[in-house]
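Two complexes, one shared chain (chain A), two partners (chain B, chain C).
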Partner chain A sequence: MHALVQGVILGILTGGVYALMASGQTLIFGIMKVVNLAQGAMVIMAAYLAYGLFTRFGLDPFLAIPITTVIMFGLGVGVELLFLRPLRREDKSELSLLVTFAVALLIEGVLSVTWGTTYRSINASYANSSWTVGSYQITVVRFWAFVLSLVALGLLFWLLNRTRFGRAVRATVQNPESARLLGVEAQWVSALGFGLGAATAAAAGSVYGLLYPFYSGSHYDLISRLLSIVVLGGLGSVGGAVIAAVIVSTSSAIVAATISPAWSEMTFFVILILVLLIRPRGLFGSVNRGAI
Partner chain B sequence: MSIPSVLRGGIFVAALVTLPLLGLQHWFLNLLVFVLIYATLSSSWNLVGGFAGYPSLGHAGFFGIGAYTLALIFRDHVLATGYEPFVLLPVVGLIGALIGWPIALIAMRTRADVFAIVTITFLFVVQTLAFNLHDLTGGSQGTALPIPPFNADHYEVPFYYVLVALLLFTMGLTFATMRSKVGLSLVSIRADEDKARGVGVRVIGVKVLAFSVSVGITAMVGAVWAYYESFIYPQFAVDPLITIAMVLMTFLGGRGTLWGPVLGAVILESGQQVLTYQLGAVQLYLIVYALIFLVIILLLPRGILPTIEDRLRLYRRRRRTDAAPDDWPGDLAAPSSEADTATLLGGGAT
Partner chain C sequence: MDQSIRSWRKGGVVVAAASMALALGACASSSNNSGASATTSAGAPLVIGASISLTGDFADSGKAVQRGYQLWASQVNAKGGILGRKVTMKLVDDASSPTQVVSNYQNLINRDKVNLVFGPFSSLLTVPASQVAKRYGYSFLEPAGGGPKVFAQNLNNLFFVQPAPVVKSGDVFADWVLSLPAAQRPKTAAYTELDDPFASPIAENVRARFEAAGIKTVYKEIYPAETQDFSAIMAKVVSANPDVLVGGTQNEDAYAQVKTLVQLKFSPKFMFLSNGANSPLEFPSKAGTKNTPGIMSAGDWFPGSTAPGSADFTAAYIKANGGTADTIDNSSAEAYACGQVLEAVAAKTGKIDNATIISTLHQGSWPTLLGNLTWGPDGAPSGSFNLIQWQGGKLVPVFPDATAKAKPIYPKPSWGG
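Showing the complex of A and B:
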């Protein structure tokens, strides 16, 4: 029982971080109908940036986030303008999968050339300290990671629901044609939306680097989890992604605590298969003709 | 079946069969083996990804399943002739296809993007299993296959001919598909699945069949590869890069064509071997590969063969117009219905 509760606590705290990564992914899909296979690579890249700033300038990974956010936002906008915009509309969804995979490989290649292929981890002074609440351990890093994810998600929701840009984004998600007719600059919404999705990877990257050791190939592992979460939550639904992230990471933490850590990864996939059997459009997904 | 296509096929087969007789060096035979591996893989991917338009990213999972199936069958075996694994290849293919059947039934409830996601997650499931099922796969320690007792002087040759047979089988299947109702059904699914179902195409049966056959062939290639390598590790047997290579080669050559995947494999795999050799560092090769990948998709989104064919058709039409302007009422842009059907079917025999 103790292990179970500890697992649930761990799962919820980790779920916040996954929620942040997955919200960027699902946002990009919602706006552009593009599955960004480079999202994992972008998170790892942000982790390396935070690592670089930490080792070279002693900058705390949490404080590095504003800097990495700007870099990742620029990268996202650049990828959209250079590689995704030129695609022809009729086979955009198929080709964009390949393009974003190529971007992931490109990022992986650049990271391996710059930092090598050995595992790195960000060893901040508080990396190993933890609090004891009752008889349960809560590591400081995980707690702050969770808080940070909540703040970042809050910002994202504010941006989407309370600003002009957010309204344009939501209009595009609902109906791109009508949005365009009503004067939304779809081209810019796409570019900025992709940048925004990449920017969520920046905050997630700092946190990921603090929590886990990583190397340039870590993104394969990450992207498969993110994709399961996003499909579970319903493609394009940010709220769905958050809830799905918490569900998935809690159940995988429970499996790790009660059965074996080696099998916890499988939980993601088992849940995904169950969802596809019962409700192929995910928990909060809408039915898109041609997608499901 | 026109004469040129028979001629083309005949020349191709003759060239494949005689190549190893020329006394080639080991490195070149090795290169040919890998070109054949990828040509067969891409051709098999083309059956489902090219014709039906279901972009599977999970084929590398079946490649790994084939590799481990052969390893399991021949665990603790000593080979007498070395040809036993080749004889059992159909069994491996059948197992791959049988595993693929329920996977396809589940995964093909979704389309396009979601299908790609589901299949890529399947790939990672297989990889996780390969790492975790120590008793079956040896985990990250890897597992050994029986050593083939072939003469070291022409070690590659048996593998070469088996792969030639597999490639010709796959291409024959593709050729038959393109000329049958199944092929037409697959293309109609790619064009518009809902309408296809509406006019009575048995969409589920056809696409699940295509998927099973495709992954069965992929599993057989995986088995040959494992036997060739003698020792396999999860990260190489179930490698996302294999999936990507299959997709990329098919896209480069031309989706839904007979020769496209083969052409793509010849160009990319020989290019890759040379690049890895020249650049040494694997990481640098990743960057170059990704850039080539991007350039191909942005410049030739339809692939080499369909692009060439379009150019040719346009050129011929222009010449005809120049020669006899009265036949054409000046409407150059209007595509003939004949040309449209050809495009849909991937341009006939190309």
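Showing the complex of A and C:
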């Protein structure tokens, strides 16, 4: 029982981190109907950037986030302008899979050449610290990662629901044609939206690097989890992605504690298949893809 | 119909080509044999070929092997070579591919007509490579293929240049624990094992020894390679409250196990990690230097070793590559030891050819910087690794007594945080 409760606590905290990563992924899909297979690679790249800033300049990975956010935002906008914008055909969604996968491989290659292929981890002074609450341990990094995820998601919601840009984004998602007729610069919404999605990878990368060892190839594992979270939550729904992330990481913690850790990695995909059988558009996906 | 005839014809062509290739191969091998014996004359350079992974998955370790081979060659040439013959290493890249490694050894032996060959990196590549060497009667000293599949081939030309097969590397920990007075031994044990032929069997061998000696297993888990988050596994370890934790680990899983235990504030009295914890630089940087004291692992070569040639190797390595002794990858030391074995054969027999190497190495004990090596008929070494422990931020050999430089510390100090 003790192991179960301990597992659930850590599972919920980890869910927050996955929620942050998946929110960027689902946002990009919502705006552009592009499945960004490079999202995982962008998270790993941000982890390397945070690692570099930490080892070179001693900058705390949490404090590095504003810097890495700007870099990742720029990268996202650049990728959209250079690689995705030229795809104007009807089959943009399918082609974008190839293009974003190529971007993922490109990022992986650059990271391998720059940092080698050995595992890295960001060992801040508090990386192994935890607070004892009752007889349970709450790790400092996971706790702050969870808080950070809530803050970042809150900002994202604010941006989408309370600003002019957000209104333009939502309009584009609901009906790109009408949005254009009403004067929304759909092209810029796409570029900035992709940049915004990539920017969420910055905070996620810092946290990821603090929690887990990573190397340039870590993104394959990550993207498969992110895709299952995004599909589970309903493609394009940021709120759905958050809830899906917490559901899967908590249930995989419960499975690990009650059945076996060997099965916990499977839990992601078992839940995904079950939900898709019962509700093919995911938990919160709307039929006409109108909501974020 | 038409197509099947065409493919049949194509098949015929392939068969014909293959038989021609075989015939050519036979010619090549016979001419090579005569070539090898002709160049045995003193003065001609001794060319040693090896395929190494300079790119691909094993690139980092492959480059370490390359440094070891080249360092040995330059060292032995500075002393005048082997039996008056200068050593030339011919190293080619296999991109970590089991098919490329076969082509490479075929080319080294048949086209380049090297005198001798050394092994590649990893068991995955050693198995196909050693078969090529066997076909042409070449001896196969190899520094990095220690998995069960390598020895299951039962090749008499193969010699794994490490103290023991990989799956037996944890036995030295069992030897030490069971050598303690009964009152000081752990009573309960937990085993956390990576599902990998080079990790889980090591811990399983220790478990068999411990259970036979009455140490109760309170938890055992084999986790898949993609396990990233160890919270759940370690939470179960904490609940089971074992005296000793035996981790059948590779690299990052070893660091993650330590980190997670620190976070959960549980420090077992004894902790052995088969791999990962024996990495002098990576382990403290990943797990935190403050958390290393008392953790045990197994190793062959270690900085400051007094085994034959170790001091020369260390000095020459640092001179050639910079850094400190702690930055030397064991794969370099193991590759270097292949050369030492060759020197020893030449010194003992006065000859350096494949038949002599194969017939000589199955008997006796051969001193290297990894310690004295002996081999069984299948090429598996019959020695034991050293038990090493983190003490004062350094890896120190603590058992067996012959190589120990400090007394083992137990129970393990609690985590530094």
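What we mean here is this: the second predicted complex is superposed on the first by the 287 of 292 C-alpha atoms of A that agree within 3 Å, B and C clash if a C-alpha of one lies under 4 Å from a C-alpha of the other, contacts with A are read in each partner's own complex, and residues count from 1 in each chain.
Note that in this section a residue touches a chain if its C-beta (ideal position, glycine included) is under 8 Å from a C-beta of that chain, and two chains touch if they have at least 3 such contacts.
Keep in mind the model is a prediction, meaning the values are calculated, not measured.
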| item | value |
| --- | --- |
| Chain touching more of chain A, residue-wise (chain B, chain C) | B |
| Which of chain B and chain C A:S93 touches, first, second, both or neither | first |
| Touching partner for A:S228 - first (chain B), second (chain C), both, neither | first |
| Touched partner set for A:T117, first chain B, second chain C, both or neither | both |
| Touching partner for A:G154 - first (chain B), second (chain C), both, neither | neither |
| Which of chain B and chain C A:L105 touches, first, second, both or neither | first |
| Partner chain in contact with A:P66 - chain B first, chain C second, else both or neither | neither |
| Touched partner set for A:A262, first chain B, second chain C, both or neither | both |
| Which of chain B and chain C A:Q137 touches, first, second, both or neither | second |
| First, second, both or neither for A:G74, with chain B first and chain C second | neither |
| Common ground on chain A, meaning residues reached by chain C in one complex and by chain B in the other | 117, 221, 262, 265 |
| Residue numbers on chain B that touch chain A, as the complex places them | 53, 55, 57, 106-107, 109-114, 116-118, 120-125, 128-129, 131-132, 194, 240, 244, 247-248, 251, 281-287, 289-291, 293-294, 297-298, 301 |
| Chain C-facing residues of chain A, complex | 2-3, 6-7, 10-11, 14, 116-119, 121, 123, 127-130, 132, 137, 139, 211-213, 221, 252-253, 256-257, 260-262, 264-265 |
| Chain A contact footprint on chain C (complex, rising order) | 59-60, 195, 221-224, 226-229, 231-233, 235-236, 238-239, 251-252, 255-256, 259, 262-265, 282, 285-286, 288, 291, 415, 417 |
| Chain B-touching residues of chain A, taken from the complex the two chains share | 29, 33, 35, 37, 83, 86-88, 91, 93-95, 97-99, 101-103, 105-106, 108-110, 112-113, 117, 216, 220-221, 223-224, 227-228, 230-231, 235, 262-263, 265-266, 268-269, 272-273, 276-277, 280, 289-292 |
